[in-house]
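Below are two complexes that have subunit A in common, paired first with subunit B and then with subunit C.
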Partner chain A sequence: MTDFTHDPAALADPPPRPAGRRQRTSAMRWLVLPGQIISLVVLVLPLLVALYMSFTDWSPTRGSLWDARFAGLFNYEELLVYDTRFVEAVIRTLFLAVTCLSLEFALGLGLAVLFLREFKGKSVLFSAFLTPMMILPVVVGYTFWMLFQSNGPVNQILGLFLGPEAMPEWFRSAPLAMIAVIVTEVWHWTPLFFLILLSGLNAVPENPVRAAMILGASPRQIFFRVVLPMLKPVIIVAFVIRAMEIAKLFDEVFMLTRGGPGSSTETVSLYIYKLAFNDFQLAYGAAAAFLVLVGTLAIINLMLLPVRDQLLKGQG
Partner chain B sequence: MMQNRPLTPLLALVLAAALAVTLFPVFWVVMTSLKPPTDWNAAPAIWVPSEPTLANFRTLFDPSALEAYGLSGVSQPATPAILGSLLAAVLATLLSIAIGLASAIGLSRYAKLSKWTPLVILSGRMFPPAAIAVPFVIMFSAVNLIDSYAGLIAIYVAVTLPFSTWMLKSFVDDLPREIEQAAMLDGRSRLMAHLLVTIPLIKGGVFATTMFIFILNWSEFMFALVLSYTSVTTIPVQLAKYVTATAGTLYGVQAALAVLAMLPLILAGYAIQGHLARGMTFGAVKR
Partner chain C sequence: MTPKLALKSVSKRYPGADVAAVEGLDLEVGAGETLALLGPSGCGKSTTLNMIVGLEHPSGGRIEIDGRDVTNIPAGKRNVGLVFQDYAVFTSMTVRQNLAFGLSVRRVARAEIARAVGEVAELLGMSDRLEARAGDLGGSQMQRVAIGRTLVTRPAILLLDEPLSNLESAARLAMRRELRRLQKEIGLTIVYVTHDQIEALSLADRIAVMQAGRLRQVEAATRILSRPAHTFVASFLGEPPMTLLAGRLSGGVFETGGLCLPVRSDLPDGRLTLGLRPQGLVPCGAADSALAGTVLHVEPRGPEAVLTVNCGGRKVKAVVPPGAAPAPGQVIGLAVPPGAVTAFDGDTNLRLHGSRITLGVPA
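Showing the complex of A and B:
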């Protein structure tokens, strides 16, 4: 982003029209207005309604929202203190975020480093490796649901190598169902890390690397001490984007396990969905959603702090 | 750095294994969509259909197509869902691009961003859909937009707007502003300079963004799930319905719908793969 007061081009070459600051600001206002209106009406307004709702004891069976009794922080207290299912869903979602993101990062980085080598058919393979991230989450969830059936190909392959006792019912056991969810997520989104890290690696400038080489650094040292630190902004961006998506993780789990067996693979999004649309506890669900939103905002803001200035400058 | 070194045989093997894992699920769903009903649930699982058939795809449009195999098929065709997905995704994408383009030019050329800007942009993407879905249902019922495409499209536009705005902005940022200034010097107004100079010069970027937003809209599931009852359906919702309604036993038909759902996305994705990183990272990663 170009800052007007510090833009050397703007100083050296003044705009042809004596467009003052006011004129510029008004052009900006008009251009940005439609986007702001739709965001206000379709995102901010419902969010405010949900916020109000979360302080009431409203449920659709009891008349209009505006007649509902004000309940203060009752819903929030209930969620944080008494609702173990909610707290477990939060912990589970955090666990999924840490596990999936670490695996996706490690695998994506490994694959990106392989792509720095020279080999034939690189561009075709590059496309092939990106395929999973283009597929819609619902289809990914459905596909892995098929793969993990007890007579599905995953068990077939496991049985081939480990014998018939290694052919479990994946969705009947809590830890196995969780593994299925993690495998699905990692398969789906490792390509994103691969893509972002590879573009980061390709953009690493030659000179520092060459300097380190002349100073006698080993390839391993160069990679971990010179290249990886330069990738920090790119890595953080990838983690931020994925962390946000995990916080909302719904589609794949809905198709794979519906949160089951029991509630052992329930993510916060799935729990909120069930509260609102299966149990019709709308006010309670809204409170849960707000806790999740505030928590996500806080975590993402912390993650963004180290790269905020670079993002504003529009560097990649 | 370590560029230009060839792959060792061991690394080539690792790469081949990774490729197999990456493509296997896609292979499986495509193969399943071509299987006749006798192969669907066979144990041990059949990898390549014994007699490949398109009956599963025909069933999507004509539920009686499986009668040749002695199956009653599905209760409803997927035609309305396919048309619904097309309508919602295409219209929402065009609107999101049009509004996003205006915002992108405004922000790139006339705004000074604050240190909170990145967080504000991202927060649009952070709203848990479940949180806004509930008030949507209430608000939309009040104005009769529930179970309507207009309602669904409005949400899709709002939800994809941060992506279209920031992806397009990154393309406008790449364009030197002197080019528009030259046009303004020729006596064109600001608006005309942008319409006739800025936008044509970034048309590659506009295309990439359009494809990217289409992928997002076509993939959306949760809003469609809670806002559709009878007249509005999309492919993801229909797929979920097929799985629920038949306890998942109609493997072939479900897989056929899954293949139809992912085909346009894979094509769009390959077409813009050079810009996917930019789209996913709100323009932060450019190459």
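Showing the complex of A and C:
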């Protein structure tokens, strides 16, 4: 950015203000106004209403929100101290995030590294590998629900190789249902990691790699000590995008297990959905949503911390 | 004595390319010598550099270091260091980690690494910046890191790709002194690759000029300007370079385009190229020299001025003191003392050694 204060010429002779600039600026303000009003009405107001709602005991079956009793921090206390189902859903969602992101990162990185070389059918495979993430989550959930049926393809194949005792009821056991959710999620979203990491790898400058080679580093050392550190911002951005997705994870789990058996695969989103639309506890659900929002904000910003400066200031 | 580095008829041909990037290159660099590989972009100098360091494999010929054939030894095992034009420091590491890299990948003991890094940091005056992140450094400091990172591995030969071109002029001077000092202190064998003749002349003992994949001349930096061995060298070096007049010699007259010059020489008749050194030409009266014409431009350059004179359709350059510069449009003659003219074979473009030639005054 140019700092005019150090330029005596700029101080002595300010550039002439173009005629009609004042009118233009005010016209611009008027033109921006409708957009600002709309965003205020559809974004900020509902958020504030929801925040207010989370401090009441309102339910739609009990009249207007404005007549509802103010409950203070009651909902929050209930959620954090007594609602084990909520706390478990939070922990489960965190567990899903760690497991799925690790697997997706490892698989995506492996595929991306393979795609740095030339091989036959590369462009066809490239399109094929990207396809899963373009499919609607609902369709993916439904498809994997069919795949994991007791007489579905997964069990048929397992039975073929391991015998009929290796054909479990996937959605009747908590750990197996969890595995089904993880497999679905990893299948669905590894392509995103693959795509981001591949573009990152392709953007890695060549000379540091060659310099490391000349200094005697092995290909393995070059990858882990030179290439991966240069990918750090890209990796973190990929993790951030996916972490936000996992925090919102709903459709696939809804299609696969409805959170079951019991609540053993219930994510926070699913639980909040049930609170709001099965139990009509909208105020309680709003409080849960705000807790999740605050937690997500904290986690995402913590994840961005190591590369924040680099991303804000540009490459350096 | 075996040379430190020897290239023996090295050539490089890329698949699908019509012409070789490097063809039949023979070059020897002695221990402790600094050599500049000079040429315009695309002349094959970077390819040569990559072949010496092992990033590219020659299609023919051999590369020897200390008399040992290293042609098939991979990069990183040749004990050759390369400093890239863009430095290619590991920006996410600290200066210390950068300097230690070459040793730590070889699993050298920690204490030994610390000692070597300390020594090199001292040598480069970077001891107080060891914990800085390399990506935060300025250009000349990054270059120091890049040089130091290489020196830590004690290379037999240090290659530098355009070492001064990315620096601003003050840093250039400092780095030039620095490189000279380093070279003296540790007796390194250094090969510079550059397209900038000033860089080559100021840094190197000897200069190897390349053009179109071929080596045109290897000569001491102090002599190459006055003794070009090839018309390309004559046209590439010097500021301004020699004026080359391609023509034909017959019966004591050299004819080039519309210009006829009386010549006294022991050369046989035939095709000939004459090179006129701008610094050697002396303005005189139009009638006093066969080489005469209208002054087209006068380009002042501080302590000197460069004249462009239209001599019978040929533009001849001459360097004069600014006070003595004629005005554009004036008709002047250019006296040619015997030392100012060089004769090249009209067919091979090579300098005709031992020939005597004088451009005579008009009969």
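Convention: the second predicted complex is superposed on the first by the 269 of 316 C-alpha atoms of A that agree within 3 Å, B and C clash if a C-alpha of one lies under 4 Å from a C-alpha of the other, contacts with A are read in each partner's own complex, and residues count from 1 in each chain.
As a convention for this text, contacts are C-beta pairs under 8 Å (C-beta built on N, C-alpha and C of every residue); 3 or more make two chains touch, one makes a residue touch a chain.
Everything quoted here is computed from the prediction, not taken from an experiment.
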Looking at A:E165 after the superposition, I want to know if it touches subunit B, subunit C, both of them or none. Which is it: first, second, both, neither? neither
Is A:P34 touching anything from subunit B or subunit C once the two structures are fitted on A? First, second, both or neither. first
For A:D67, is the partner it touches subunit B (first), subunit C (second), both, or none of the two (neither)? neither
After superposition on the shared chain, which partner residues are touched by A:M230: those of subunit B (first), subunit C (second), both, or neither? second
Pick one for A:Q221: touches subunit B only (first), subunit C only (second), both, or neither. second
Touch check for A:S269: first (subunit B), second (subunit C), both, or neither? first
Overlap the subunit B and subunit C contact sets on subunit A and report the shared residues. 315-316
Within their complex, subunit B touches subunit A through residues 1-7, 11-12, 14-15, 18-19, 21-26, 28-29, 32, 41-45, 47, 99-100, 102-103, 105-113, 115, 117-119, 122-136, 138-139, 154-155, 157-159, 161, 165, 170, 173, 176-178, 181, 184-185, 190, 215, 218-219, 221-222, 226, 236, 239-240, 243, 248, 251, 254-255, 258, 261-262, 265-266, 268-270, 273, 276-277, 280-281, 283-287
Over in the complex, which subunit A residues touch subunit B? Could you list them? 1-4, 9, 13, 15-17, 24-25, 27-32, 34-35, 38-39, 41-43, 45-47, 49-50, 53, 65, 107, 111, 113-114, 116-119, 125-140, 142-147, 149, 151-153, 156, 187, 191-192, 195-196, 199-204, 206, 209, 219, 222-223, 227, 233-234, 237-238, 240-241, 244, 247-248, 250-251, 254-255, 268-269, 272-273, 276-277, 282, 285-286, 289-290, 292-293, 296-297, 300-301, 304, 308-309, 311-312, 314-316
Counting only contacts in the complex, subunit C reaches subunit A at residues 53-55, 75-77, 80-82, 84, 86, 88-93, 101-102, 105-106, 135-136, 146, 149-150, 153
Spell out the part of subunit A that touches subunit C in their complex, as residue ranges. 205, 207-208, 210-218, 221, 225-226, 229-230, 232, 315-316
